[in-house]
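By written order: A, B and C. Residues from 1 in each chain.
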């Protein structure tokens, strides 16, 4: 158990004992290696369920808005519970965004910030194992030791299996917190952000189209990307609307493109590149190709990154007279 | 249903089909002015009037491409002149991102264009529209985002 | 029934033969492991993974299909054209799932012509497992690594050869057509196949599965569903990866009076699944929906079809983005007569 995990458990125990919170949202071990599951603790003695490691990839912010909604059928007075949550940099940015969009009341939320050096991408581990299933995994310094279901052992560089969003991450500590458990030595990498997007942009239009066709034709319309994303909290998603019916429900390529383009555009100025969508996708589709492109454009055109502070307006909720319009058509 | 498909090959008498979303107060009025001034412009456009360019949901553009539009033009009031004060200023940001994203995925940039046309600019409207139609003609019939309904699995 | 042996060096020839005048669908390498894919080049077939990422149910129940097309009030109900297909390398859990799906799509005498036509035109050559996968538990739900349900032929991987056992008349015909490549299976080889199956069974970790239907009914009001509902994201990964899930939606896609009626995969995990036209939704919270998924598979389907609708393939466990583990849920349900 890491030092941070131990401190986290103590902190959560204290929060319950001092009645600062009614509920705590954290990570607990799941039934398969390298996976965790969100847990919802309601007392101090449940704190022992908590874990903190390189498999805590879930963006817990996605679970928060529902906790502050009045339950259907509740009669009379109802006050929202006081909810605690553990947040990495990206999670905390999502929380900032949700507070600004009035989905989470700041005064009912207690954030324990943690430092993060990157989360393991299970798809990449699967790729490294090839056709062999994953039986066990262990982090050993800078490498990940894996044992396949056939008994074979393999060692992979941790850096090789970190999620892409983590490789480019510039916000490794929480931007909003009530308590900060991050250690001061959390490294910020020198890699240029948006390198993945820039590389894609350097291809020809037809190459890009063909690549996206082969990538998105893997989509099975399961909506895991949408459900895992903290920003997708609409009661009725545009993809499900029938009046008007924006797009069909099948894996017809035109509809698949329409869905992913639509979702990416709805993330404009809001996506924090947490990688939850990529991690959730059962087909391993690289959705960051779309979302990060929009993030890059937002930063280049409007000079902002999503959700870094409560005071800054979201990019699409404000404007400047001098906004770029070089893309517009003149006679 | 098959007839439509044959039509859609350039050089087969194919004509570009442009959908134009025009804001009621400026661009639509500008287009109307072009009409009453008898300014000739090609007939390849279907106009959809919206209250403001800020009304444009990017999905309108995506939907137009899906239903077979070869090109889309969205036009509103000049910045500073929006009837609703700032609708076009919010829209400008959305349009920039939409255009960039569509081009990024490989859709020809000529197919989706944006402009500012005021109520007094009948000539400008005709010129811009003409430019869009010719640009789309040069890239040929749209195929990438088109949703075909004829196929039977 | 007929049992023959094929030297592994002749596998490519067998696949080529099976694919003659037929579609050949088999596992090929994919970035996440293997995936069933239609192939023309047999050398692409990869049988090394215990199982594919998604189930092969798409062969008989595709993610979407057109039921019919229409123009105005003219409905075009063209005869469904399905090419004869060989589905090769299906694991016994997935093959058994076909047998379960057969019951659904012929339930109460209502025969689904789309499913049945595909099923009838698809020959299933299953391949027994020598070891379990990431989250397998087939034996805990009435299956086995060498189950003979739902397939036409069952193959056993015996290191340097494959033993192929016909399970149906169609299977026997298929094997006879490849007689130039095979030899009659020896008693030794048959024994080796039996041993391989027994060995694989022992390697499985058993999961306690609730069998007491009355206790399951009572679990409806249990507290345990609340936290599970909070964890569940309400996406479609488990249902879409699952070989026995079969719910679908029917929608129309039209443009100016011309269109098609399609059916596509749906899942009870979606919040809109039970939304009525009136606006009422009997399952408004995710705990009710998650409970529904589990009870449907392990209670209602037992009541309707006599068997649980789970073949223990483990895909839902491996793929769930929320980290939910069906095995843990089942153990909890099975552990006490009265569940809390």
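What we mean here is this: contacts are C-beta pairs under 8 Å (C-beta built on N, C-alpha and C of every residue); 3 or more make two chains touch, one makes a residue touch a chain.
Since the model is a prediction, treat every value here as computed from it, not as a measurement.
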* Asked: What topology does the chain contact graph adopt: line, ring, star, complete, or other?
  -> complete
* For the pairs A-B and B-C, output the one whose chains share more C-beta pairs in contact. => A-B
* Asked: So which chain is farthest from subunit C, going by the mean of the CA atoms in each chain?
  -> B
* Structure fact -> By Cα-centroid distance to the whole-protein Cα centroid, the innermost chain is A
* Structure fact -> The distance between the C-alpha centres of subunit A and subunit C, rounded to whole Å, is 31
* Structure fact -> In whole angstrom, the CA-centroid distance of subunit A from subunit B equals 35
* Structure fact -> Averaging C-alpha coordinates per chain, one finds the centres of subunit B and subunit C separated by a number of Å equal to 47
* Could you check subunit C for residues that touch two or more other chains and list them? => 64, 253
* To do: Give me the residues of subunit A that touch two or more other chains.
  => 248, 252
* Using the touch rule from the top, collect the residues of subunit A that touch subunit B in their complex. => 200-201, 205-210, 212, 238, 246-248, 252, 254-255, 257-258, 261-262, 264-265, 268, 290, 293-294, 297-298, 301-302, 315-317, 319, 321, 323-325, 327-331
* Asked: Residues of subunit C touching subunit A in their complex?
  -> 29, 31-34, 46, 48-50, 53-54, 63-64, 131-135, 227, 230-231, 233-237, 240-241, 249, 251, 253, 262, 264-265, 270, 272, 284-285, 317-319, 321-325, 327-328
* To do: Show which residues of subunit B lie in contact with subunit A when the two form their complex.
  => 58-59, 62-63, 66, 73, 79-80, 86, 89-90, 92-108, 113-116, 124, 127-128, 131-132, 144-148
* **Complex interface listing, subunit C residues touching subunit B** => 62, 64-66, 69, 71, 76, 78, 253-255, 258-260
* Which residues of subunit A touch subunit C in the complex? -> 30-32, 35-40, 58, 62-63, 66, 71-72, 123, 126-127, 130-135, 149-150, 220-224, 226-228, 236, 240, 248-252, 279-284
